[in-house]
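Two complexes are shown next, each including chain A; its partner changes from chain B in the first to chain C in the second.
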Partner chain A sequence: MTSLVSVDAVVLAPALAPVLGVVLVLVGDAVRPGRSRWALPLAGVVLVAGALVALRGSLGSELEPLRTLCLPAPDGACLWTAGPRTSTLQAAVLLASAAALALLHDGRAGRRDTAVTATLLLASATGGVAVAAARDLGSWLVALELATVPVVALVALRGTRSAAHGALSLLVTSLASFALLVLGAALWLTATADATFSSEAVAAAWADPDRRRVLVLAVTLLVAGLGFKLSLVPFHAWTPQAYAAADLGTTLFLAAASKVSAVAALLVVVSALVGAAPGPAVAVLLGLPAVASLLLGTVVALRQDDPVRLLAWSTIAQAGWVVVPLTAVSATGLRAAAAYVVTYAAATTVALAVVARTGARTLAGTRGLLRRDPLAGGALGLALLVLAGLPPGVIGLVVKVLALSAPVAAGVWPVAAAGVVAVVLGLAVYLRWVAVLLARPEPADGPGEEAGDTAHGRSTRVVVVAGTVVLVLVSALPQLLVGGLS
Partner chain B sequence: MVVSLLLALPAAVGLWLVSGGRALPVRPARLLAASTAGLTLALAVLVAVTRPGVDRAWLPELGVRWSFGVDGISVPLVLLTALMGVVVTAHAWVEVPRGGTPATFLGCLLLVEAGALATFTARDAVLFLVAFEVVLVPMWVLIGRYGDARDPRARTEAAQRFVLYTAVGSTTMLVGILLLVLSAGTADLRELAGGAGAALAPGTQLAVAALLVAGLAVKVPVFPLHTWLPPAHTTAPTAGSVLLAAVLLKMGTYGLVRLPVATVPDGFGRLAPVLAVAGAVGIVWGGLVCLVERDLKRLVAYSSVAHMGFVVLALASGSQTGLQAALYANIAHGVVSALLFVLVGGLKHRWGSVDLTVRRPALRETSPRLGFVLLLGLAGSLGLPGLAGFWGELLAIYAAWRPADDRPGAVLLSCAVVAAVGAALAAAYALRVAGLVWSGDRPDPESPATPDTVGVERWVLGGLSALVVLLGVAPMLLLSVTHDAVAALGGAR
Partner chain C sequence: MTPWLLVLPTVLAAGLGVAVRRDDRWAGALAVTGTGVTLLLALVAWISQSGTVVGHLPSLPLGDLEVPLTLATDPVRLAVAAVVALVATAVQAYSTWYLAADDRYGQFAATVSLFTAAMLLVVVSSDLVLTVVGWEVMGWCSYLLIGHWSRRPAARRAALKAFLVTRVADIGFVLGLVGLAAGARSTDLGAVVRAWDRPTACIDAAVVSGSSLGDALGACGAPDATLRAVLLVLVVIGVLGKSAQVPFQDWLADAMEGPTPASALIHAATMVAAGTVVLAGLFPLLADSPSARWVLGLAASVTMLLAAVLAFAQSDLKRMLAWSTVSQVAIMLGAVAAAPDGAGPDAGLLHLWSHALFKSLLFLAVGWAAVAAGGTAATALRGSAAAAPVLRAAFLVGFLSLAGVPLVVGGVSKEHVLATAWDGAVAGDGPGIVVLVVLVLTSAVTAAYSTRGYLVLTAHVRQRPTAGGVTPAASAVLWVLTVLVVFGGLVLLTGTFAVGEVSLLWLLLTVLVVGLGVAVALRGGFDRDPAEVLARRLTPHADRGLGVDAVYRRLVARPVVRLARVVAFLDTEVVDAYVRGTAVATRAAGWTGVRLHRGERPSAGVGLVLAAVVVLGLVGVLAWS
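== the complex of A and B ==
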């Protein structure tokens, strides 16, 4: 008991890697200011290295999670606890951030703010990784804000008027959500008299009717605060605007990495409730926004003509899907939510990378893509089918089965019924786009599309190929993904 | 091993044809597709004889296993599917529809075949659902891209309607399967049929059966959920129609036998009267529509609704004879409707449309071979003794007349009477079509004669006609295969 807390650098590596990247980028920029074209590739390498370390943790067992930052015994609480599920989510955050970097790299060749971009993105990724493993209110809040705030700056960096508007709405949303989260955390502390997310404290609080009321209010506020980050209806309004206004790389970061870290944060809260807080109260709290997101997101997505806006509304619907299994408040529900969000992030990454590669701003711009550019068209088609949950995107179907099995097992029938409706409406949304991909290409738009192709070069191509390989692999062997989330 | 190969072969070649080999010209593509389908048929025969199985872990967390195998109920359907694979790929020598590359078209056909084979051999409830969904996208492409070239809008609409209706059905079924699997604690269909499902509480059984029946009824299709079928058939290319009628609809009836009937017999028994009435109404409804329908392809589609009514009625009767009748009528309809769709597709190709109000020279005079096959198909469809359709319908009405003890006798008895009237309607519309097309008008020397069937088309039609006759004269060939498995199902109750 020589030191105050134990520190295991290897366990912390997924978070330390992006921090190291930030330091390297900043030092490099200080030494040779303005000539930092290497910043984004360096950040990418650091992120992938961190992801590889995190994936090592996915192979571990739930009973012996990787722990560090532990307080001295006898209390022995650990501020960083990463089981296989957490590790997989961390790897997903890091890989999605790397994909976003790749798109940013291709999109802004010759821009001067690459060091700033790399720093912001790495900082946000650090927050996303840390929040997944945080088990106490303080680190959880700080990590969550670290994951959010840099993104506002990333959106604003584009410098256009609409980007400023998007950043502003994102900023206001973040502030509101931060206020809700802080209040929720305070109420949680009041109710459970414990600054960590622990099932025992929740169970004790749940047994006492007065404290239970406070705890329900705390959970309400925490869900609302996270609802902003997850784009759950009714906290979704910023999503389409910010998506459409930002660079596609930033949009990808918002759609994939940010969502995974928000879900990781939500899972920290819900896992403390599992087994400790039964009853319909939590199911209603989570079920209402889930059902609203499923239905509103899919219906509005049906009418979109801009691919980015369509994906934005699809994000809202998919966020509903992520929360669907959590309404069961069970261990299987946690796994299903994690599996769903990782699958969603992979598919959305591929879809946005293809949109960046083609430069299409309307659905018609991707007409006949399957014939003009089989790689991009095939990847986009597969990603959309995964999102729709139709074979050959088997993994999409598997995670939908997992997501629905939790509420069915717990008897949360309204949510299951909304899920059935959302599956069918979702098919209409995604197949509408797939039909455009399959259509005969129009002869006139040949050369125009080629220009879009050169704007986004090799890095985007790598993202498309790598993402497609991941989707194909986990479609053939879903166990690869689901097994790492127990 | 052999089962894996049976599924992997059409799937792999199909996938390659729609991705890497898309640009393959029509000649090598159809040679490849047809030889794949031929090999698959050989493998299917091997599987039917040796009955091997494969069983591996797939999703241990859910208790889902990669488990494929066949029994007496699935063997006829596996053989039928593999045979239809050969028919549709051989039909590419007759006609390859436009709308995309020929390789993609053939690849989609093979993918549908692979998905159907996986559905019929899956021994795990969740795996069954995944396989059930596999056929959706390739069939959607077949209807939406390769369908009737004259009306793109109707094509898109029919394809969308097909996908969305089927998706409503399969998602409802998914919830039912999940409820069944989670409450019984196993996803293995053999264990579920062996008593794990029957041990559930009556309320759960009823809920499971209701969800499963509602979901599968869309695919069968059972009246009033049949409205996706006629447009899909009308616009689909000939090969797509054949697969739709002979294979996809069978997935619905097979699912009914495998899931609700076998696993939750008591729950299904309580729903049986509703299903019987829906079946009987479907028989009469289909027959009445056929009496006035102008489009021959749509007419055959509506007659499918009527025939599926017989299958559903037989299932609802709850007796062993009923199950046998359902399985027999299933196969018989598959063969007869495949024959009719190949024929009608050929007529549409020759005439440009198959509108019955257009007066055309008599088929029996201009092209006697086509005329003969048309008569044979119609006779098989109306259930003439000695042809395939007869035994299924006769046994179905008999089974409804003598239902199992726990079924409401009066309801099923009246359904049997209604079904018999429906069978008479079938004779009426078959004669109407024969009168308009087969005997038709006097041949006008100036109008172009309908070219008779030659080449591959003749072989396809000839083979299917022979099968229609064979099933009609020797029904025990099929009934003896299904008998033991049906008895095992009956014994589990």
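== the complex of A and C ==
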């Protein structure tokens, strides 16, 4: 290729696949406008193919990551660095996007805007994949915005009044967060005098009291900006509204793919701080929003009666859980956070897919689901148990233990204590719903629900089955996930 | 022959018996075979074996504690095992007739087999763990057997009562044995006895050589005497419960709700006698501990006389036999308590042996008579011995033996108990004198109620009662037992039981005492029930066991229930209040959170974001600049 930057197409494939998909969809739509029923299936195929390539990368070693876009100087600086952890997160983003596509496919059969939907979704997935591997401020910022902005359009596409409100809320907070991120990036550059996320530069900046002040402010702003995408309290206000306003495919994308890419972005920042910055400073900056999210998200989820809103508040609490291990600012903490977010994404995908399949808008609508529809009921039950961290959802328990063991090892006790309280409260949140699933179905609502059930399609069922298989597999063999990230 | 062979057949019979319980004939054949084989094995071993044989299982690895799981047989144990197997065989053969019409005969037979196996385990056990296993299995089986006719509320209540009372006493038994085993770091009986035994020879030598007693105790590594006394008293409490001694005596009379063969088994050779076997194993320790001996001796003495008096006044002859069992077991335990260190527990075991024979005979015969007469009340049973010639012979021999008339088996053993108590009284360091005095009084009362029983059962009546369908097996069982009761005293000639000579003086005294009792009983003439003549006013109270049931309820049940209510109140109203409080607080917090997020406007979101950023930035900059 060019002499300036080396390019390895195979390494870039996880990001190139959705880009290729975008091109194909747009070209196809230009050739035969309005008859693009094939757009969503095509996008799905492309996403799954990209995920398979990414999974190949997750079998590698953290010491020898896949690298490309390397610059001649400074020596060895590569703009794209994907170790096993990054590759796993990329695969999770792509698969979660594919799941969202499947739900959108079933939800809007016959709609004319499928090409637009597919394009937006693929673009956002590209951003999510790229941000995980980006190691320089520029591509990191661009990729992050690429992951975010199309979602606003996706929410708005539904066309209802509440969807417009949700999209507006999303847009406003998104802009605010973008401003914060840009400011943070600028301060980071000022403090470290380095346009990449490198530990050496951070360590040098930390040694100088003047630059340290700037660096702390930079980290604060970056955490705040990412807090919006992660739905950390107090940057969470948009979440329940947007979840409830969008259709379930978009909600699933927001809840799973967006969250994974946001965590991937956060991991890029924190991994530069590991070993370079002393723990307590970062622990407070990350710990405050984490604890607030854990407690507020769980407590409010306890009062929700709409499954989607319940899952929205549960997302806020789970975002807190993802950040809990990062407060240790250690390598084990990074691994625990990645494992947690992947598990959370899988469980949430299954839960939302089942909600889409049943069409229930209240918890009572899923009453006795385990007897009426054992596949959906069992999958939802397992997903909720994983989120609660109870066997047989063993993987939920494993990642919770991992998440708590990092701050415990680092001595960040207040965060660990809040985690314990959140575990207990979380049991109430999820078991409340599980109890409804287990209850005897009311004879009166039987036929009506059955009629509603016929609306869902095959793709949703595939998502439910595949997600459940993943949950069962990693529950039976947790080292598949936890070991793959080490 | 390994001792496990004695336990195995009945265990097999119990296991297979459950499998074939639907078929009465198979169940019966299996049960009789199981106990019969055991009897044969025990007899062969008894005749052929001279010393002690130990059988091992792979020992349990339990850290510091050694659990060898050994069984041991010596002539005395084999003699007791043989009589247990004999009584069990008799009971099994008898119940093939007695319970022929019962729809749950199969379960009954299997339970009896298991019960027998448990008793045999206790008899040949040389390991405290196995003793506890046998002891507990007997407790369960007695519950099943007493409550066999579970459709009757009285049977259910009696079974539950027996279970609860013995179980409460078992707390002491288990604690005591655990303590003994912990002190010895082994559950092996020999090791436990060695560890807790007073090193008398060593101490005597040290005292003779001039050191003080305290120094001698320390130098010889003597175990803590107080602790040993406490542990032994705990074991004795368990024994008192299982053997229905004061203050646990009331369950045994109620247990008469069970089928008569089960009563014969429980009373004659198993459960109630098991305590004597266990204490005989621990005898060397008991002999060293005067306090435990006093507890046992006093409880046995009180029980002995009280139960004999209650037996005399019962209006129901089966309950009379039950109270007589309580009294006779007290005599065994009294012998163990009174025996001085040199004498050994064999007088008590000999009485156990003979009691097993004559009490099983009496129970089985009364069961037959009750079938003929249609009830067990004294008025119903009047003259029912006329139903069959074997009954007359059985009652004559059985009551003679119960009264302790010399030369029949019961008389032989009772004289040895008297002689042992006399030795204890002379030695003067235990409850020997008390046991001796009470035993003489009890002998008179026993003779009186034996006379009463015989008079009532063999009274002349116009209409001869008959019991239909008696099988030859049942009458053969009674004949065999009758013969054994007459000649069983000859067991002394085998030298199995290490008991001393009995002088002619004791024979004379016994005859005198028995004669006195008989004379008192005959005051009303031959045709009247002596209880009506002598104890008319006592009878209603005796039938209720002197109202001990109500005392149990007032002293134990009611306080326990009240305590439980208090605990439940504390749990639900105080402890749970905090739990409910957290739930309320959480829900309130959730409600507040929902209220705060009701106005979901974009501007509010942005405001929140900016405010939070300012706060976080200030915190970060101020803290780490």
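Heads up, the rule we're going with is that the second predicted complex is superposed on the first by the 481 of 486 C-alpha atoms of A that agree within 3 Å, B and C clash if a C-alpha of one lies under 4 Å from a C-alpha of the other, contacts with A are read in each partner's own complex, and residues count from 1 in each chain.
FYI, contacts are C-beta pairs under 8 Å (C-beta built on N, C-alpha and C of every residue); 3 or more make two chains touch, one makes a residue touch a chain.
Worth saying up front: this structure is predicted, and the values here are computed from it rather than measured.
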Chain B versus chain C as contact partner of A:223, first or second or both or neither: second
Partner chain(s) touched by A:91 [first = chain B, second = chain C, both, neither]: neither
Touching partner for A:234 - first (chain B), second (chain C), both, neither: second
Touched partner set for A:256, first chain B, second chain C, both or neither: neither
First, second, both or neither for A:428, with chain B first and chain C second: both
Which of chain B and chain C A:326 touches, first, second, both or neither: neither
Touched partner set for A:405, first chain B, second chain C, both or neither: first
Set intersection of chain A contacts, chain C complex versus chain B complex: 428
Of all residues in chain A, those that touch chain C in their complex: 168-169, 171-173, 176-177, 180, 209, 212-213, 216-217, 219-221, 223-224, 227-228, 234-235, 237-238, 240-241, 280-281, 284-285, 288-289, 296, 299-304, 425, 428
Contact footprint of chain A on chain B as seen in their complex: 15, 19, 22, 57-62, 100, 115, 126, 129-130, 133-134, 136-137, 140-141, 144-145, 156, 160, 163-164, 167-168, 171-172, 174-175, 178-179, 181-182
Chain B-facing residues of chain A, complex: 332, 335, 374, 378, 385, 390-392, 394, 397-398, 400-402, 404-405, 408-409, 416, 419-420, 423-424, 427-428, 431, 435, 438, 478-479, 482-483, 486
In the complex with chain A, residue positions of chain C that touch it: 586-587, 589-591, 593-594, 597, 600-606, 608-613, 616-617, 619-621, 623-625
